[in-house]
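Structures are listed in the sections that come next.
The same chain A turns up in both complexes below, where it pairs with chain B and then with chain C.
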Partner chain A sequence: MKALAPWLLAATLSLAAPLSEAITLRVANQGDVQSMDPHSLNESLQLSFTGNVYESLVERGKDMGLTPALATKWTQTSPTVWRFDLRPNVKFHDGTPFTADDVVFTFKRAAGEGSDMKGYTNPIKEVRKVGDLAVEIETTAPYPILPDTLTTLGMMSKKWCEENKAERPVDRRKGIENTASFKSNGTGPFRLKERQPSVRTVLVKNFNWWGKSEGNIDEVVFTPIGNDATRVAALLSGEVDVMEPVPLQDVERIKAAGLNVLQGPELRTIFLGMDQKRDELQFSSVKGKNPFKDVRVRRAFYQAIDEETIKSRVMRGAASPTGEMVGAAVRGFQPDMNKRPAYDPDTAKKLLAEAGYPNGFEVGMNCPNDRYVNDAAICQAVAANLARIGVKVNLMTETKVTYFPKILRRDTSFYLLGWTPITVDSHDVLSSIMATPTDKGQGQFNLGAYSNAKVDELTLKVQSETDQKKRNEMIREAFRIHQEDVGHIPLHQQALAWATAKSVQLTQLPNNYMYFKWITQKSSPK
Partner chain B sequence: MLAFVLRRLVQAVLVMLTVAFIAFMLFQYVGDPVTNILGQDATPEQRRQLRSDLGLDSPFPVQFARFVGNAVRGEFGLSLRQGRKVSSLIAERLPATLELTLLAAVLALAIGIPMGVYSALKRGTFASQAMMTASLIGVSLPTFLIGILLILVFAVTLKWLPSFGRGEVEAFGPWTTGMTSVDGWRHLILPAITLAVFQLTLIMRLVRSEMLEVLRADYIKFARARGLSDRAVYFRHALKNTLVPVMTITGLQIGGLIAFAIITETVFQWPGMGLLFIQAVQFADIPVMAAYLCLIALIFVIINLVVDLLYFAVDPRLRVERTSLAH
Partner chain C sequence: MRRDVAPAALAVAPAPGRWARFLDGDVWHSFRGSPTAIAAAAVAALCLFAAVFANVIAPHDPFNLATLELSDSMLPPAWMQGGTTKYLLGTDEQGRDVLSALMFGARISLFVGGASVLLSLVIGVSLGLFSGYAGGRVDALIMRICDVMLSFPSILIALLFAGVGHALFPNANDLLAFGVVIVAIALPGWVQYARAVRGSTMVERHKEYVQAARVIGVPPWRIMLRHVLPNVMGPVLVLSTIQVAVAIIAEATLSFLGVGVSPTSPSLGTFINEGNKQLFSGAWWLVIFPGATLVLIALSINLFGDWLRDALNPRLR
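And now, the complex of A and B:
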């Protein structure tokens, strides 16, 4: 089945690799990588794929811990200044050596017009060259998680970008296309050979890579297959070797066919939020007051939701119920606090009665139907659960394209959202989800405007505290308050599901990144 | 004749403007590309900036006028999703869709007409009954289901044919085709059959009923009375007269084929315009959606125009009536 073009064999064998034949890995994903530019879109598929071609200063290892990549060492020389020593003898795919100039250029590019990576560069004041192979990064304020935020920022060649007029990522507004969108020149273990957007993208091994590859893949053919059934069929018929995501209802079938399914908890936490700001809910039968301002109501909702059943029925087991707003892989996760209050409709009913709603009330709920795994079904289950304590939920499910603008306008009383802390650190969740919304971007996704001054204070402290132990205590305290207040109702971490042919061995990271350098394919008899 | 064509052209322009307006109206409700472009983490300030850069904050009539002006020049801007020119995206995808549609149309005609003729002539035989039953299934089964079933049988179970994509393609200038390689043909078969099934059964049933009608006509009886052979009666006189409505319907159905191609392309991950459109919808990629809808409307309008003109060419009565009115 694996017919290889003879010229490709010739091309890969010409470098005297001790191989009898080139090993091709065929990967299918639900969507396509939008661009080859590592700075154009801050999205996990995009960054995961380009992460095989472009490398960052610091990388995440198989345990999600930080490992040296293009920087061999980093030290904090003062609370706001970090020094990064760069790896010597690294060459871009076009043969240009990698130096401090490229790093300075990359940070400028990522912070400039058209870049979607500004979120990572915002805290940075300046990047200075302090030698051919060393840079200093100065932040505007103490920023202990700086190295964590640099793991997705691919380093580009200054010379190449200038020669190709790609000093900036493509600007969709100006109507001018950009070379970096369809060509690439990184330092990574794979280089781009062919790019046909939405059809196929081919990477080949970079034999001049500085590192030692653990895998044995010579060529990767990436194909987007949007239709779930077709993607499953392509795997079953042996036309692709790896595919993701696996639709939950097909997991058993794929296993039964003798293929591998890898499921692991994702970093993303799915939770419910409630409008705690308005004096009267927009979408409710209760007039003149906002029941969600009463912690007893929020707690009643929490205890009325049967997450175990959601896990087993709606998610077919592919979820880890959680009592915390971050998953286990995130720094600041508190193992002993990961407990949900017992599912108990009777207590919930009592709490509602105490709060003054013995017969419940009506409330509108908003929910996406194509963003998270079985999102609409989760909301339906929640609505059914709440009906048992007399709360009538008017559920409105819709596509993400209309859902997000609506809830970002805060036109909602009760909603479902998922959140992945991109820095793999709790501060991200504290500042985006739990802190009181301000116009400076804080609490931007705290759409129900949960607000507790103590949590705000701790969030600010956590941002600049460098002592990890003290910092963890602060995170713990903030999480405890948030839990006590029932600021949000966490539900679960959904599972990632990848499926592979029997011959493929790979590593799945909780942030859903797929590094081809870690993939091994045993050659199967033809 | 000229007046007729002119009248049709004016109508066509009106139709195009209406489609453009409806399309444009729809987009006001489709969703917010700003959130999609910037992702979840953008600040309100960044959102505002992008909104004004994209011209999304101008008044409605201004946005519409700008849209029509650009559309006339074939300029729909950059795809919000891919950051590439919409016109080049469409140009890239058009060959795939046309190739698939063409093959499906040829299949539908080449199989549908003979089957229709046969089932009309051999009414009541087992074979024609079987054809009628099968055609009923073909008409009623939704396209996506046929596609999935074909994949299940021929790709997953038998492993004879590939389940997705276009395979190897060869480029001739801006045109790409899979018809020059075995691999390309292997990839074409299942999607083309999927797309053709509905049209095929429709044409078959149409030919059959038209044929039955025509066979009852007086001139067929006279033809027989003249002692013409069966062959001459059926194929020279009967079938020829049957084909007039078939031609009209087929012409119109080519538009339908392109519309159905959306589903077939989605199921088979066929990199054509339909897939482009679906992906655009999921992302609220307004420029691509606008371009696609306008292009499809244009194709429909042109086909209608051509079919109207063909009436003139094919049906002498139309011409006669006009001249007799002039007397």
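And now, the complex of A and C:
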């Protein structure tokens, strides 16, 4: 065997030599991208991945500031009208030029049936073509953060969508798919080469891209590896170059092996939601009424959860417990309101008794097990906490592939979700999570249908207020009401953890987006 | 041969006469002379005892969420630094006591293993008896079905069945989930019994006592059950002990792959799957102890079965 080794090495080298010109980056994530359609699911991994293929008018730079992408410049011509000048000489991957028609089409598509991006198109009244390379966007009311909301809306080709019968995004909630779920035609720095759902997805460099790539990656192979240990093993053995998220228990192990672990605060807030709409919970022992309609029950749940121990034990310190639905980096965060009510099972038990449940009750809980850092373990810890006050939680943990469609249909009584405000502004959380759900996209992720007319009113005001000071006061007021109502139970902001091989250099954004165009891989001795 | 098989099978019956005969018989002498058999039986009995009386002797109740201390999570075994005698074999990431969890897990593993063997035994023995006694086309048909079953790897059949079962009843309660797993393991298992029993039955049905019974007009089902069955139970008994071990491992495999018993009532396979995730971080006790328990149970039952086969086989005496 020993004598063979040099021969083997030589053989491998000679085989590798012709391939060594193309630099392949192998990326592993704990779950798969659900669709190639940029409008099908408003989820970070989904939008992060399709963000390499499809581009938006405005993008976020490495400092999270706005940078021009498919629009070279934007100006506000009146309080409700914005003009976007489009980048000339941009071509889709199939060679079709990118024009104002595609922008108008994209906004119509994203606002239409099946789209999960309605929350971003909801404030928009009309998108008009004012030239081949210019559009005007009119909003129903003044909307100062419009450019911020457009950073994840991937532009699609009108011609391609029509040819492929993909004029409408398909609703992931219904589990159906169309051509755009498997194929893609964007303007971005990478093209889709191969798509095998839950197996592997391959992107290759788009040599006709308008921009200048800072990285040197020619090909990206994306593989979902659900099992934590397997994912770590794949990185340690050199089978993948980048993997995310790093299981918190393995951070030390990976560092000890001489690999890089990038940790940073994430914008995402992990929280619990409760069904406050139905008159009887779908999954509970309480019949004829809904205990979550009683604020005392919600507060009891809140006070029964020992978030500090969850942070130190389940999250191994890599989380910031929060009393607010947004993290410190988000505009509108209120530092003095970031307090959780004290962990106090006795008070919680009293509150439950006052509400008429001295012996607690049973409730079903839904939880993903491959979406957020240690999500299933957090739910188990919450279930154990609630058992102390007599609430029996029937926990159902499952993969996000089945989890998301289920909770988006609102087939849940009690669930865990994480939310990153893509606009890095509190308005996103107000309108997606706290506002009463409407069919126009308001409250699209308010899955327990928490509803307070005052919050709805403030959300609309915040949307159009241009005076930053007044706006902040309104956000503050809305957050205060939400806190008092215990509309949701915030838990913590998790920390990002990516791990890479030594040869890889990349930029980690606090919204957990991974842009392959910024990744450089030094040729490593193979 | 025939005479001492039946009492062995019924040895647990308290009838003094039988018990005395058993103690004087070849099987008991062979057992006393085999240290392996004694050790295996002792270990198997210990595991069985710990599993059956888990709720009485386990130091903690790992399923009572209200007693879990999250601050006690991930403690190493007692003899290591940081371990406490409160949790002899350490705790998992939710603060569950590993030793107690193992006892409850072994209970589920043994229950599923035992139940699936019982089910495959009932199916296999009846089909084998029928096949061997009837002969002809019926025999050919049943044996071809057996051949087809044998041509699939048994874990594949179990996986298929468990997978389909879970897809059909996504919101199944624990009991239904158990049922699906038990049937999934029993399905490929019955073939072994059918073939063994059929062979013995074909030999037995030409013996004089069967002929005599037939002549005096005993109905065939009665001949099969009362006359043939007791005399073909020897190989079945041996097969069963070994099949229990196989079934326990099959259940662990299914649970490890995530299609086994529901996660709310974890078996040894579920623990190994969970512990596997923590392997790199140095929490070896979460996977080594459940793994070792599984090996211990399977090995002891297998060794005992091996001895039983030798003891009951007149040619090896």
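Quick notes
Note that in this section the second predicted complex is superposed on the first by the 296 of 526 C-alpha atoms of A that agree within 3 Å, B and C clash if a C-alpha of one lies under 4 Å from a C-alpha of the other, contacts with A are read in each partner's own complex, and residues count from 1 in each chain.
Operating definition for what follows: a residue touches a chain if its C-beta (ideal position, glycine included) is under 8 Å from a C-beta of that chain, and two chains touch if they have at least 3 such contacts.
Quick caveat: nothing in here was measured; it's all calculated off a predicted structure.
Of the two partner chains placed by superposition, only chain C is touched by A:P247; chain B is not. Of the two partner chains placed around the shared chain by superposition, chain C is the only one that A:D306 touches, whereas chain B remains out of contact.
More residues of chain A lie in touch with B than with the remaining chain of the pair chain B and chain C. In the superposition on chain A, A:N227 makes contact with both chain B and chain C. In the superposition on chain A, A:S181 contacts chain B only, with no contact to chain C. Of the two partner chains, chain C is the only one touched by A:A377; chain B is not. When the two structures are aligned on the shared chain, A:D116 is found in touch with chain B, with no touch to chain C.
Residues common to the contacts of chain A with chain B and with chain C across the two structures: 227, 229, 233, 236. By the touch criterion stated above, chain B contacts chain A in their complex at residues 29-32, 34-44, 46, 50, 53-54, 77-85, 148, 151-152, 155-156, 159, 162-166, 266-269, 271, 275-276, 278-279, 282-284. For chain C in complex with chain A, the touching residues are 64-66, 68, 70-71, 73-74, 93-95, 263-264, 276-283. Those residues of chain A whose C-beta lies close enough to touch chain C in the complex are 227-229, 232-233, 236, 247, 249-250, 252-253, 306, 309-310, 312-314, 377, 380-381, 383-388, 392-395, 397.
Chain A makes touch with chain B in their complex at residues 34-35, 40-43, 116, 118-119, 170, 172-173, 175, 177-178, 181, 196-200, 223-227, 229-231, 233-234, 236-239, 370, 399, 401-402, 404-405, 408, 422, 432, 439-441, 444-445.
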